[in-house]
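Here subunit A shows up in two complexes: once beside subunit B, once beside subunit C.
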Partner chain A sequence: MQDFLELAVSATASGCVYGLIALAYLLMIRPTGIINFAVGEWAMVGAFGGHLLLSRYEWPYWLGMLAVLAFMAVVGWVTERIAVRPLMERGTGVLAPILALLGVLVITREIISVSFPPDPLPVPYAFELQDQKYFIIAMTALVFAGAWLFFEKTVLGRAFEAVALNRRAAALMGINLSRVTAFSFAAGATVAGLGGLLVAPNISAHYLMGVPLAIQGFTALVIGGVGRVEGALIGGLLLAFAEQLTIRYAPIPSGFAQGVPLLFLMVFLIVRPTGLLRTRA
Partner chain B sequence: MKKIIFALLLATGTANAQTIKIGVITDRVGVSKPYSEPATEGVIFGADEINRKGGVLGRKIELLIEDDQSRPDISAALARKLVDQGVVFILSVSLSPATQQQQTVTMEAKTPQMTPMNSADYLTTQLQNPYFWQTGPLGSTQIATLLAHARSKNFKRVALITDNSDLGQAIGKAFKGTLEKAGIQIVADEVVARGATTAMPQMQKIRAANPEAMFLAGVLTAENVLIFRAYKELGVKFPIHSSYNLSVPIYESVAKGLIDGITFVDAYDPDKPEVKAFVAAYKKGTGKDPQNLHGYGYDGINLIADAIRRAGSTDKEKIREAMQKTSYAGVMGKKGMKYTFPEGKRAGFDTDGMVVRVYEKDKQGRVVHVGQK
Partner chain C sequence: MIRWLGAFVVLSGAAFLLGDYHNDVYRKMLLWVTLALGYNFLFGICGQVSFSHFAFYGIGAYSVVILLFQLNAPLPLAIILGIAICVVIALVVAIPSTRLEGFYLALATLALAQLFVVLLNEGGSVTGGTGGIANYRLPAIFGMQIRGPWYTGVIVSLLLGTYFLLQKLDRSWFGRACRAVRDNPEAAAAMGINVARTKAIAFTLTSALAGVAGMVYAFVDNTVNPPIFGLENAFLLLFMVIVGGSGRHAGAIIGAALLFLLPFWLSPLVGHHHVLVFGVLMLAAILLQPKGLVGIWDRFSKSAG
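Up next, the complex of A and B:
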């Protein structure tokens, strides 16, 4: 039993990280329809920011964390300005910005790989090793509660929903589309950066860390569906529990156990292609 | 970095028609960079030291350094380029497959070539190239040494853990074969995937199997650190015996507080007189502490200088004959070990020359076991 509880906490923490990355995707997909695979690289930037401020310059944790998140918001905002808005304004549809963002992914990774040494770098815990998983869970709960309140209770959040439902109609109603898009990218980058900063004390800051996170987060998003904010978290948790319970308890060699979450993803795509949660009418 | 450039300028600045040219093929951007970079610094420091002491046969050594990105295709072309530029020896500090590819050129051009650090067993067995030598400890020696240490502990039941990289799987397989042959039961055999965010389920499984020790064959640093974290979080106590990968000093900073007591195979004994002299000289010359990886490069360039001295000429055939008769004590290897190539063999690291060391707090510490006995 103790075994299972330990594993449940560990899987919940991993699931929260997947959920945060999934939320970053969702924040941008909802109003724009753009799938931004650079979220994994943004998580990496958050992790390297943590290494720089918290490990190298030894800032207090909260100050360093706020600085990293503020920087991430700027990164997201600038990315939208450079790689998304010019294309959207020319009416290119969503495919062009998706490709431009893949370019952003490569550029981001190369900047990090030439600026830092090739080995994984340490990022400190918020408190202690034993507490990091609870810290991850608490921070994620806070972020998801905030996102939920934002979409349900604020006018700007409602504007997001309106844009998600119908861009053209929303624009006709006087909603500033480019402001919503800019805000969604800034928020997406901040959430992705937070995910990177939270997971980095475990997996270390490394220039190749982005792609696995991007895949795990995307899988979580597919499982949970893009319709509702909670879907991202539920998808992340389901994925992490499927991964870790299989490795721990399934009577198959652990090399094969890695394939199980992908099997899970395929089943979901066949049975529930819109994800677990339906969009509210 | 500035120091390297300075040393390079120093090495090339004094170059004139009288220099002895030695080619170095390294990796500055590819997968071997973490290993090749310090080794190359060791080569540059060694060449600089030799030149300050008057050079070889009254002539200075000039290093021609090329970057092959660990890519075998590029590597062979660079070997050709170096031969055309008139090098008398090529020193390979890139990846094993790249070194292997360079041999196609050195064999044909009859140019001596050596690698001071590659560990692949096949480098001197697949090609009968009399112009090639390998002085790094072989993969098979690493495993045998680690197992000899394990045997001295009389383990009956052990766990094995690795990652899903090619090399991690290969080392894991070699560990498994050797352990089973020694009659030691493997009670858990786990894999941590690249990009995982925790190794908790694997370590729980190992804990449940209740082994007397755990063998770590993984080579991915971040994933190995996950394993150490889960080990610490679960508070388990069985000892960890690790592959050669843990001899890379990056763990001292990235796995701070997690590695105390872990034993690992190495080819470096900090108590050896040659090592002490090397560390002091390196610190004085560069202001930095050298790692074991610097020692490989340093030994490589000194082995070449030693062969040229004994050959008494820069004639490549005479250097080849002298190199084969090498008997040289360097920085790497156990106390008193000499690099030799008896009976026409070209892998020169004594199979009894590796050691097992232990992490003490966060530092690579003392030697706890020597050789294969």
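Up next, the complex of A and C:
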């Protein structure tokens, strides 16, 4: 029982990280329809920011975290300016920005791999090793509560929803589309960066950490569905529990466990492409 | 016909003029061009984003090696079974995911490509694990051992065969159906084109072509191992087609040759960081020149003529 409780806590913590990455996707997909695979690299940038400020320059944790998150918001905003807005204004549809963001993914990763040594780099815990799981869970709860309040209670959040439902109609109603898009990318990058910063103490900052996170986060999103904010968190938790339970109890080599999210992703795409939760009418 | 024969003689003859090292580079370039041509049909002409093209290259390579040397199948049977494996896997992925709108095929193939590498690494004695399979030789064909520059002839036949087939297809009703599906699925459906079926056929066909290219590749280095078939190269293939000019055979050829050779020229300048240059080129192509290098060439020749 003790064993199972420990497993449940650590699965919840990694599920929260997947949920954060899934939320980052969701924040950008909802208003624009753009699947931004660079979120994994953004998480990586967040992790390296944590290494730089917290390990190398030894800033206090809260200050360092705020600085990293502010930087991530700028990264997201700049990315939107350079790689998304020119294409959206040309009216090319969503494929061109998705491909452009794949270019951004590669560029981001290469810039990090040029600027830092290739070995895994340490990122400190917020408090102590054993408290990091609870810290991850608390921070995620905070972010999701914030996101829920934002979409339910604020004018900008309602504007987001309106754009998600119908871009043209929203624009005609006087909603500034490019401002919503810019905001969604800045918020997406911030949330992804937070995910990276939170998971980095356990897996170390490494320039190849992005793609696995991007795929796990996306799987979480597919499981939960893009329709609702809670879906991202539920999808992340389900995925993490499935992963950890397979590693713990299924008689397969641990290497195959990497295949679990991939199988989940394929099965869900094929069987239940709209996700578990239905979009609210 | 004479043109194709001439191209075959020139392209394979070049192998005899090159040294061992350059011949190796040349062969790999030809294989990349073959893959890019196939991917261009799927992505550029049919408008589908797939990340599994390179995985099918790996599936072809691994299946022919496993069938030949672990199950001791004869070569023709190994080739036919290898193609059959590619077709079956492609259909399993394509049939459900092409029925849905959006990027389901891209996501399903992304998962497939990653799953393939996981299976290779964990495959134990069947796939050779992380080390892969090495130290085998192409069996004799009609008592002849095809070696060295002569094998380049096989690769050239593969390239020309792929090009011939794709060009014929592109100019047939099927190619036009693919372009219609890419540009406007609703209109295509209204014209009586079965959109899902067209997509699934294009995906299966190009995946099988990639599998055949993989079979030829298996005997270039006489080794197959997981890192070769990773997601990195799937991205590179996409970049090649976009930089060269998607939807045009010439674009695929130029893009593949350029991005394949670029690291050799760049390495004195940037070392191993040529991928950064690829990323910048790809982003620049999408933002500034969506028609790729072929588009630049068109404009140039138009203003000159």
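Criterion: the second predicted complex is superposed on the first by the 274 of 281 C-alpha atoms of A that agree within 3 Å, B and C clash if a C-alpha of one lies under 4 Å from a C-alpha of the other, contacts with A are read in each partner's own complex, and residues count from 1 in each chain.
We take it that contacts are C-beta pairs under 8 Å (C-beta built on N, C-alpha and C of every residue); 3 or more make two chains touch, one makes a residue touch a chain.
Everything quoted here is computed from the prediction, not taken from an experiment.
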Which of subunit B and subunit C A:P251 touches, first, second, both or neither: neither
First, second, both or neither for A:F218, with subunit B first and subunit C second: second
Which of subunit B and subunit C A:L262 touches, first, second, both or neither: second
Partner chain in contact with A:I98 - subunit B first, subunit C second, else both or neither: second
First, second, both or neither for A:D119, with subunit B first and subunit C second: first
Which of subunit B and subunit C A:P86 touches, first, second, both or neither: second
First (subunit B), second (subunit C), both or neither touched by A:I203: first
Subunit B versus subunit C as contact partner of A:I107, first or second or both or neither: second
Touched partner set for A:I270, first subunit B, second subunit C, both or neither: second
Shared subunit A contacts, counted only where both subunit B and subunit C touch the same residue: 211, 215, 253, 255, 258
Residues of subunit B that touch subunit A when the two form their complex: 33-34, 164, 189-191, 193-198, 200-202, 204-205, 208, 221-222, 225-226, 229, 232-234, 248, 250, 253-254, 256-257
Touching residues (chain side subunit C, partner subunit A) in the complex: 47, 49, 93, 96-97, 100, 103-104, 106-108, 110-112, 114-115, 118-119, 121-122, 231, 235, 238-239, 242, 273, 275-276, 278-280, 282-283, 286-287, 290
Contact footprint of subunit B on subunit A as seen in their complex: 3, 6-7, 10-11, 13-14, 17, 118-122, 129-130, 199, 202-204, 206, 209, 211-213, 215-216, 240, 243-245, 247-248, 253-255, 258
Residues of subunit A defined as touching subunit C within the complex: 35, 82-83, 86-87, 92, 95-96, 98-100, 102-107, 110-111, 113-114, 211, 215, 218-219, 222, 253, 255-256, 258-259, 262-263, 265-266, 269-270, 273
